[in-house]
Every structure is written in structure tokens, then in C-alpha cells.
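Sharing a structure here in C-alpha cells format.
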């Protein structure tokens, strides 16, 4: 099956500390999924299970039917690209272009293919102006797009973004939003961890909520944000418009501004 | 009373061509909460370094114009005194942990030790800050082994413990979940109520709308807009600069289109709620 | 809040063990003497006695596990290596056996035993001191003696940065794997994957150091006041001073005896 599947997965660190308990999740080809939850809820360890950096202590993780237990992370990386939370952990080369090309040379692709992939990745992330700079001199919020471009160039069917919205301005958020649309058109799956609830409402229909090491809900953004139990247990917030609607006691599980305005027109 | 005054201030870092800040004029008053916003690369962090006196004491480069801190030119301030006068919390939680203390409690105490605070008072102040920031469960842990979000809260506590009059805070919540973010804002507001002057760089515009007294918008190294929060954050032209506006502001504009009776623009949740209630007649 | 923990700072830091609670500098004094004795005595029996004494001290100070975990392996490795090298290559007249072109002599064996046991004894001093004294306590004691806190900061933060570098290299290895570089399996794979990260690892550490300096400045590190200490060491009791005086006098007597005798 073309999907990432987590089947009853529990993960504990070598010191015995349990980080994830009984995760069950299927992410199909072309799907776009947001993962939300408090700091420490187990989001990052969960996505590391998907690319083989973490191997389940019990249960199984299948990527396109292949069990990650019997594979090295490098083998899984042909299917799952992972953009780390901190871009500095992923940067090695002396300029941005070399950084993006590094793996493509390692994979021994021909020059034409390398150029095609680099220009696509650069266009999607809007980093044309930084290609010849040292990655460490690129502003921090843009440096995140450098690592995204690097992973995009690998052209994997699944891409994981770990808190890409942190510290982004309006332009950065728009770039991310366009990127998600483009990847969906190309049939790629994107799994995004984020604390930005407006971004979730605007860009995702499927939201996985985590709390206390477990997945507590896997539902639409609307149902997630309008479930009292989920909001309380995962300690997340509705988008501001949703809060306004709730506090006014308006019906219709509103999360978007245009919905609220439509409703108010009737009065 | 003015706490920091900027007169025609321009600055560029050493060995660079372009000015990062240009022609900045502003009078910051004591006890106010200033929100500093602007697209990335607009000079916000440099602005913080200027307010904190890191420019010119730590970063050299070309500084022109006058920076007056409590009426005295920043160049004439003793930089060691400035560090106790103005607290500074920045983005990266990893570099803010000292690396020489083995428990969070001792980490928070470090600044006070350096200030020569006697032990009994020192312990009391650390306990107070631990309660304020709800760090009770972390006090025995090794600060070097905490997560990014936890480190940021410890860094915050460490600076607050030092009780400086002015606080410069550069994107303290970018690593934090919504709940911790709200808590941090509540604490910043509490500090303002204690009479401290706050400078906060932040992308989370809803919270700036909620708490800041005045907002400065930086764009390409210049002050593009400034003034009372309600005035600045109801300016739609900010969107063109790449600055987000609160959802409440946008909603308020939408409401105005369907209801001519609405003549003011709201910027916070509770204001826009009141406007809707009036229309709906609840 | 754990008030018991908070209150612990109101009293001197003690671990209720007579040796561990000695002032770090007193411990250092004793350990240095223990390290010098075998150097002066030129006899493997003395070295072995001193080594045994470290184990006795380790038991007495409840640190046997930590001590032997590091020391036994180190001692066996260094001790056997030095002994074999010396025993095989030191020439002498009293041949014990011949293996091919190597002649093992009584002199070589004696010399090897002496030298190996001496080095192992000195290592014992280092290892034992490190398990019996926390670096922060030693720094605190040094600060009390007037060493500036900038110096102790440099030492303590260097120790931490060794740990940080280890952690960073683990993260960077993870990121290498995640982008598809094979780091598992063959040793060659690991080396090939590790090599390119060394540059960025150290560059990253350097670029962090500027921010670290700003962070420390924000903590009033350079404030003109004399700094205070949250943790405090036990004041040195009379008995400890007395023990030190006796130990030092005995040591001087020992040196004098060695020099004259």
C-alpha cells in the first residue's frame, strides 16, 4: 500500500523513558496532515518513527509496505524526507546551492537532473537571492527554507516539516502555504508539526492531535477545534475567529472569517 | 518620563555596506509596553541590540545620531551597569543557558549571584520567579537537558529574577505552544503592571493587539508606522509590507462592509465581540 | 515546590561522608601527595599499595562503582600495554625466555612492573579525584581562594561544551541519516559520514559563542559587584585542618628521609 502506516507503535528511549504509546495512524499518498499538541506531547518522536530515525520498541511502522525495522534510516530516506526543527542541525556546506546539491551528487544524478531539481526546490521556497551565501549568514527564518529546499530536492513521496511556521512572517507563511498546495498537486504527502492554529485552519483538513505521548484525535480541523475534550486535553487553542464564535454562542462550528461574516449578514 | 530616546539614529554593522537601521526617531516612555513588529530582515533584532546598549558596546560598526538611556548618552553609560539596567531575552533558547549550573534553580540564581545579592534574598527571589513562571517541577532538573520550550522559560525566569527596570524581549515564544505563549504574555503584562518598560519583538499579532500600549512597525530598517496599538494595527497597508494583522481587525473591516453603523475598527477579540453583540442585539 | 531542595541551599552542601565532604582543595592536597609517593619510591610494591589505597578510599567514600567502572578498564589497558612494551624491549643479562627475536629478561620484567604500576597509580589519582569531587565544588573552592569567576566559568563551560559537542554530533549524524547518507553498518560508512560534519560542528560552536557572550552579559556576568554564591561549601573544620597538617608533615618527613637516606 502506498502509505505510511503506524500500527500499535510504542517508542521508548534506551534509558527506558517512554515517548510514544500505541500510535495508530495511516497517511496515504498525496495526503496533507497537521500534527498539533503541547510541547513534550511526543510529536517529534512520532514523526521520527515515520522516517526510521526512531525504531518502534513495539508495533510496526510501514512505509509503502516496507517495515522500517529492517531498514536503515538512509534507505527509508528515499521515501520520507524530513526537515528538522532546527535548521542549523541540517546544514553542512559552505553555500546554499552546494547545500541543496549535496545529496544529489551523492546519489550520482546527472547534471541536467540536478539542475532541474535545484531550480524547482529554489522556486518553491523563494530563496533565489541567497544561493551563493553561506547558510549560516542567511537570516534564521530563511535558513529554514534552505533546509526545506534541500529536502524538496530529494523528491520523496512523503515530506515531514517539523515546526516550519516558527518565527515566520506573513511572507514566510504564504510561501509555506503555496508550497503545500504545489506539493499536493504533485501528489506528495506532507506531514507538518505546528503550533500555529490559524495556519492549521487555513491549510489543513486533516488534523492529528497528540497529548501525553498518544494520538488523541485524528479528524478534520473543524471538528478538532470545536471539540471541547480535544482542546482541553491537548491544551491547544481555536483560531481567534472560532473563539469569537464560541464566546458569542454562534452555531455552525465556525473557524473562518468568511463563515462568520456570512452568518452575521443574516441578522 | 522618557526612558529611551532615539534621535536620528542610523547604524550599520562592521564590514558591511548597508545601514540596518536608518533615521530612527522615537521617544519611549517609562512603564509602557512597546510591541515591535515588521517582516523578517527589517532590522528588529538590531533594534533590540540598540535599545539594550549592545550597540555600540558589544557590536561596533557605525552608529550615528543619539541614543539616550534615561537621559544619558548610551556611549557614556558603563556597559556593565547597562546590563543590570536593561534585561535582555532573545530567540535562541539554546545559547541562553549558561552551561555551568547543574539545576534550574541554580541557573535562575546565576544573575543574582553576579549582582552580589545575599543568599537569603537570593533564594527568596528565585522561589518567587519559579512560582511566577510555574517552573516548580523543573527546579531540580539539569537545565542543559531541557527541551527548547523549557529552556526558553528558564531563560525568561533567569532574566526576570534580576528585576531590571527595562526588558527587551526578542521573539520569546517562537518555540512555544499556544498555552505557554499565553502564559508568557500574561507574565510580560504583569511585569508591565509592576512598572517595568517592555520592548517586545513578536510575530503573534493577536497578542500584541491584546497587550501592547504602542506599536512600532519596522520595514527595511526604518520606522514605517508607529503609535497607539489601536491605530497602527487597524492600518490595512501593513499587509503590503508583509505584516500580519489580527484576525479581529480583518473581521471588523468585514463587518463594517455589511453594517454601516460600525464606525470604529476593533483590534482585539473582546472589542470585536462587543461590536457583533451590538449588531446581533444580544 | 520541593522546599526541602530549596532549603538545601541554606546549608552547606554535604554528602554525609567524611572523605567526600572534605574541602575540594584538601582532597586535592591529599591526592597530589598520593600521586607523588610512588614517583619518589621507585618500587612497584609502593605503587600497588597506593593503588590498593585508592580502592579502600573509594569504598570508604561510597564511590567504588563509579571509580572501578572507569579505572579498572583504564588500568588494565595502560598497565598491560606499558608492562609488555618494557618487558619485551629492555635489555638485560638475566634472560627469562626467548620468543623468536624477542628476549625477555628479569631486568625488563622488573622495569616494566615498576613503570607500569607507577603510571597506573598516577592515573588512579586523576580518576579517583574526578569521582570524589564535583567540578563545580572545586571551582567554588577556588573562587573562595580568589580565583576570578571568569576563569572558573571558562573551565566549567568547557566541560559542558564537551558534552554539548557530543550531543550535537549525534544530532548531526541523525540529520545525515535522514537525508540519505548511510551511517550504519560498516565502519567505513560511519567514518565517511562523520568526516564532513566536523567543520560545521566546530563552526556552529564558534558562531554560538557570540550569542553566549551576549547571554552571559545579560546575566550581569561583568557586573562590578563581588559575586555571591547560592551553594556554599562546608567551612573547613579544625579536625580537617589538623589531618592536613599531619599528612603534609609526614610527607615532608618522607621526602627528607628519601633525600638523606
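Per-chain residue numbering starts at 1, and chain names A, B and C are given in the order in which the chains are listed.
FYI, contacts are C-beta pairs under 8 Å (C-beta built on N, C-alpha and C of every residue); 3 or more make two chains touch, one makes a residue touch a chain.
Computed from a predicted model, the values in this text were never measured in an experiment.
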- Task: Report back the single chain whose CA centre is most distant from the CA centre of chain A.
- Result: C
- Task: Name the chain pair with more contacting C-beta pairs, choosing from A-C and A-B.
- Result: A-B
- Note on the structure: Note: chain C sits from chain A at a C-alpha centroid distance in Å of 45
- Query: At what distance in angstrom does the C-alpha mean of chain B lie from that of chain A?
  - Reply: 28
- Task: Note which residues of chain A are touching chain B in the complex, please.
- Result: 37-40, 85-86, 139-142, 163, 166-173, 195, 197-198, 235-237, 239-241, 243-244, 247-248, 257-258, 260-261, 264-265, 267
- chain A-facing residues of chain C, complex: 168, 171-172, 174-175, 177-185, 196-197, 199-200, 203-204, 207
- Item | Sites on chain B touched by chain A in the complex | 38-41, 91, 147-150, 171, 174-182, 203, 206, 239, 242-244, 246-248, 250-251, 254-255, 258, 269, 272-273, 276-277, 279-282
- So, in the complex, the side of chain A touching chain C is made of residues 51-53, 72-74, 77-78, 81-82, 84, 88-92, 103, 106-107, 136, 150-151, 154
- Query: Which positions of chain C touch chain B when the two form their complex?
  - Reply: 1-2, 5-6, 9-10, 136, 149, 153, 156-157, 160-161, 163-164, 208, 211-232
